[in-house]
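Structure in structure tokens, see below.
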Amino acid sequence: MSSAYLYSILATATIFTLLALALNIITGYAGQAMMGIAAFFGIGAYTAAIITTNGGNFLLALLAGMLVSGIFGAVLGVISLRLQADFLAITTIGINFVMVALFNRLKITGGTLGLTIKKPVLFGVKMNNTYFFYMTVILIVVLCLLLGKMRRSWFGMALASINNDPGAARSFGINVSRYQILAFTIGTAVAGLAGGVYAHRMGFISSSDFAFVVSIQAVSMVVIGGLGTLRGPIFGALLITSLPEILRFADDYRELVYGLLLVLMVRFMPEGLIGDDSPVWSALMKLWRKFVPKKKTRADLIAESVEGGR
Amino acid sequence: MKKVLALVLTLMMALSLVACGGNGSTGGDAGTAAPSSPSTTTTAPSGGDTSGNSAAPALPETIKIGFFAPVSAAAASADGASAINSAKLAVKLVNENGGINGSKVELVDFDDGLDTTQAANIAEKLAYDDSIAAVVSGSYSGPTKVAAPIFQDAGKLMVSAYAVHPDVTGAGDLIFSQSFPGAVQATGAAVFTAEQLKATKVAIIYVDLDFGTTQVNAFKAKLAKDYPDVHVVFEQGVAISDSDLTSVVTAAAASGADLIYSVNYYEQAAEVLRQVGLQGLNIPVLGTEGADSWMLLDIAGEYANGLYITTNMNRDDQNEQTQAYIKNYREEYGIQPDMVGASVYDAFQVLFEAIKNAGTDSAAMRDYISGMKNFDTVTGTLLYYNAEGSAVKPIQVQLVTNGEYHYAGIVDDAQIIDPANY
Amino acid sequence: MFLQQLINALTIGSLYALTAMGATLIYGILGILDIANAGAYLVGAYLGWYIYYGTGSIVLAFLLSMLAVGLLGILLQRAVYSPILAKPHTLSIIPLVAAVGLFTMSSDAVRLICGPNSKAYNLKFPVETLRVGNVVILPAWLMIFALTAVLLVILWFILNKTKLGLAWRATAGDAEIARVCGVNTDTAMALSYILGYGFAAAAGIMTGILYNSITPALGEVPSYKMLAIIVLGGLGNPMGTVVAGLIIGIAEVFLSVYTAIPIPKDAIAFVVLIIMLLVKPDGIMSRKNKV
């Protein structure tokens, strides 16, 4: 396997990891059914691409893509307050279709011809897949550190409680609306960032790159890996993006096998392959504990004493 | 913190995996080693560019040609099948006739699933595989457009069979296009509309993709420039996924048009024809190469009769190549070939000819193809390649009579058929 | 032209109602957005084609295809959906991913088994095209109106006049309470799937006849458009679905023909949906007043 091929797969896989993590903030942490993340992936991609094709700086373009996408996301967050569960899901699908229609029609997005984007130069080096891969890995690590921190913060707790029971959260004095909007804003901003990287890695984007199927793919990644965890979406994205290449041995049956795998994975592990309640993850953790005995925290001790008392 | 640590460890493992992968291969690295300017790497060997008249070039025992097409994407699978069938047929026939100067040809084919990220992966794989002599794209605009710069950067020659995006060849000097850019075909259609069909009020129904918009723009531009008496009275784009064209056809007819110009692929064009026929509207329809398929004849049935299309293959051409291709394709697959298949087959003929005369060096092939003149292909005589790498050939106009495509005219005005003029 | 366009709109609207009915019945009981219903629509259309060409009878094609696909629906419900839903805290997007997998499989299986090229029904109608003044009504349209009406009457009868229907309505109202009261909720689920997939198959055949063409991509548009329709209809409300189908049909035709709105039909359905939801967040008919 040539390394060019490998880096090409890896660059795509890591960009979609970023997208899956973005979706996970909205769907996994805040529990809001978002099925149109590709629209924001697209907003970020086109914003960044328009800036660099007009001579703008690559990194600033990525930031701008993030910002614009986040602003649109905040508006959606406000709308989401009015809609419950599946109504929200379908509304987000609708937003996806409307955005694709606009990408395909507006002059600034290149209309039906799309946009051709020159590979950016960063610190004097022309970016290629290898650099895109490393860059995205860095972005993922930074994002994971921030998300890890966030989840243990007041914000994370608030999101978790909204996810569990919005009514109860409200009665505890948590401003549900504010946190929900914030989750949408952060999630869509990260999706926009992923889009900016994607546009420059591909070198050519057109409206169909951000179609509803891409949103569905992102949902699959998060669900297959394990909703609401950090590792789940990462694993899911790496798996789903590399499956088409891994399955090349299946030749003409590739797509069929891909569909079958999706069904089997969800059927037998609906909590995600390495989600919190999945047998695979429990087994892995058990194995890990065998070699690395757990240092007991105070919370664990309390939990144990409660369980022992039952 | 443990979770973060675990994550960092996982990522480091992934990185080390990559590093190991990178150590193995030498020429394949897409990194800094890859030259930015193709002309520096692909300097022709001395004497290699004097195409044809020198002694036969040294060829490897088997010549591998890379190929990709949208085989598994449901929406594109009919075209994908046409493309891969024709690619296999081209390779089979050349091998049956003794190969290229005795060397066997081998097809290395991939399914891109009509997905640009898969196309990028395939392109990286083929581009840095030294055993691959050259590549043919049997895919649509998106995948082809993404793949083209990757091949150009790697110094590998690619011929695009039928992708319509006007900027595919813009990736560089190693990228050639075998198809008409939309503008050429549509300008020919405008001339035919005004001079042969003598229409004065045209209703345009087009697919809202690059295929549709480039042709509509060129069609209107030509009318505005040379035929001010011909007016466009109705114009509506439809999404590629839209199968219901009833209301659009009703509206087009109500506009008082005396011709419907349908810039759609065969399924939608067939539906336009059926609605015109079923609603008893009695308006002639002019189509494009997108309507050049036996499946249109199958779906539209009797309502297909009277349809004019602009395309590249003349079914009545007595040219040996064309008739042999149609016959062989029918024998091999039991169905009629279409425009997509014929274009892919031609892309292979061009490559075979280049390899036969110039060897498998990218620059030598490029120089040979750039200099090709009056080359007989299935889709008519390829006059020459223009400076952008686009094939220049006459536009065929076909008319459906008795459920078959037949010759109805040709547009070969040198000004119109060279894509460089748009 | 207005009258003609209205008839065009009602035709496509009826077809939408028929197409989305299956997904509505399934949502009513299981609460999942079953994209795989579009796979049933595709498989039904192909099965119907083979039966029609094997037997020469279009009636037999409808009946056998609906039955076979309906049974396939029960099989999938038992083997895939119910086990997933049996786990606690299942968000609706989880079975959705399984449905996406099933839909992918159906499209690709059809491509591999039946070939990638389109097939034509070439159905000859016993009636002529109706012409009243400038208005044209095609036999295929009459067939759609008739079929939609007949199927809806059957559906109404099953849901309102049979014991099975009572179980369905009780389960759709509140599955827990229904179970406590001794209603066999399993039967209700099975009914949802056999009717849901059967309806989808009928809609698939109808589409194949209307456009005289079926391809492996036939299910792609319904896979998302039916979601817009069932939501607009109030999620799980069969009567609402009919109204929603007609609204979307009318909106698509009239907005695309009479206004210069620069977006394709697919997006129009969703724009209508979003505006409606912002005005009335429960859909045009809330779940309380179902048939």
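Here the chain labels run A, B and C in written order, and each chain numbers its own residues starting at 1.
Going forward, contacts are C-beta pairs under 8 Å (C-beta built on N, C-alpha and C of every residue); 3 or more make two chains touch, one makes a residue touch a chain.
Keep in mind that this is a model prediction, so the values were computed, not measured.
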item: Selected pair, greater C-beta contact count between B-C and A-C; value: A-C
item: From chain A, the most remote chain by mean C-alpha position; value: B
item: Averaged-CA centre spacing for the pair chain C and chain B, given as whole angstrom; value: 37
item: Whole-Å gap between the CA centroids of chain A and chain C; value: 31
item: Numbers and ranges of chain A residues touching at least 2 other chains; value: 105, 252, 255
item: Contacts with 2+ other chains: residues of chain B; value: 72, 208
item: Two or more partner chains touched - positions in chain C; value: 107-108, 264, 266
item: In the complex with chain B, residue positions of chain A that touch it; value: 1-10, 12, 104-105, 111-114, 116, 125-126, 128-131, 133, 137, 140-141, 144-145, 148, 202-204, 206, 208-209, 230-231, 234, 241, 244-245, 248, 252, 254-255
item: Contacting residues of chain B [partner chain C, same complex]; value: 72, 74-75, 77-78, 80-81, 208, 236-239, 241-244, 246-248, 250-251, 254, 267, 270-271, 274, 278-280, 295, 298-301, 335
item: Chain C to chain B touching residues, read off their complex; value: 1, 4-5, 8-9, 11-12, 107-108, 111, 115-118, 120, 122, 129, 131, 136, 138, 207, 211-213, 215-217, 220-221, 253, 256-257, 264-266
item: Sites on chain A touched by chain C in the complex; value: 27, 31, 33, 35, 79, 82-87, 89-91, 93-95, 97-98, 100-102, 105, 212, 216, 219-220, 223-224, 227, 252-253, 255-256, 258-264, 266-267, 270-271
item: Residues of chain B that touch chain A when the two form their complex; value: 1, 3-4, 6-8, 10-11, 14-15, 18, 21-22, 24-25, 28-32, 34, 36, 71-72, 110-111, 113, 115-118, 120-121, 123-125, 127-129, 141-142, 145-146, 149, 154, 165-167, 170, 208-210, 212-214
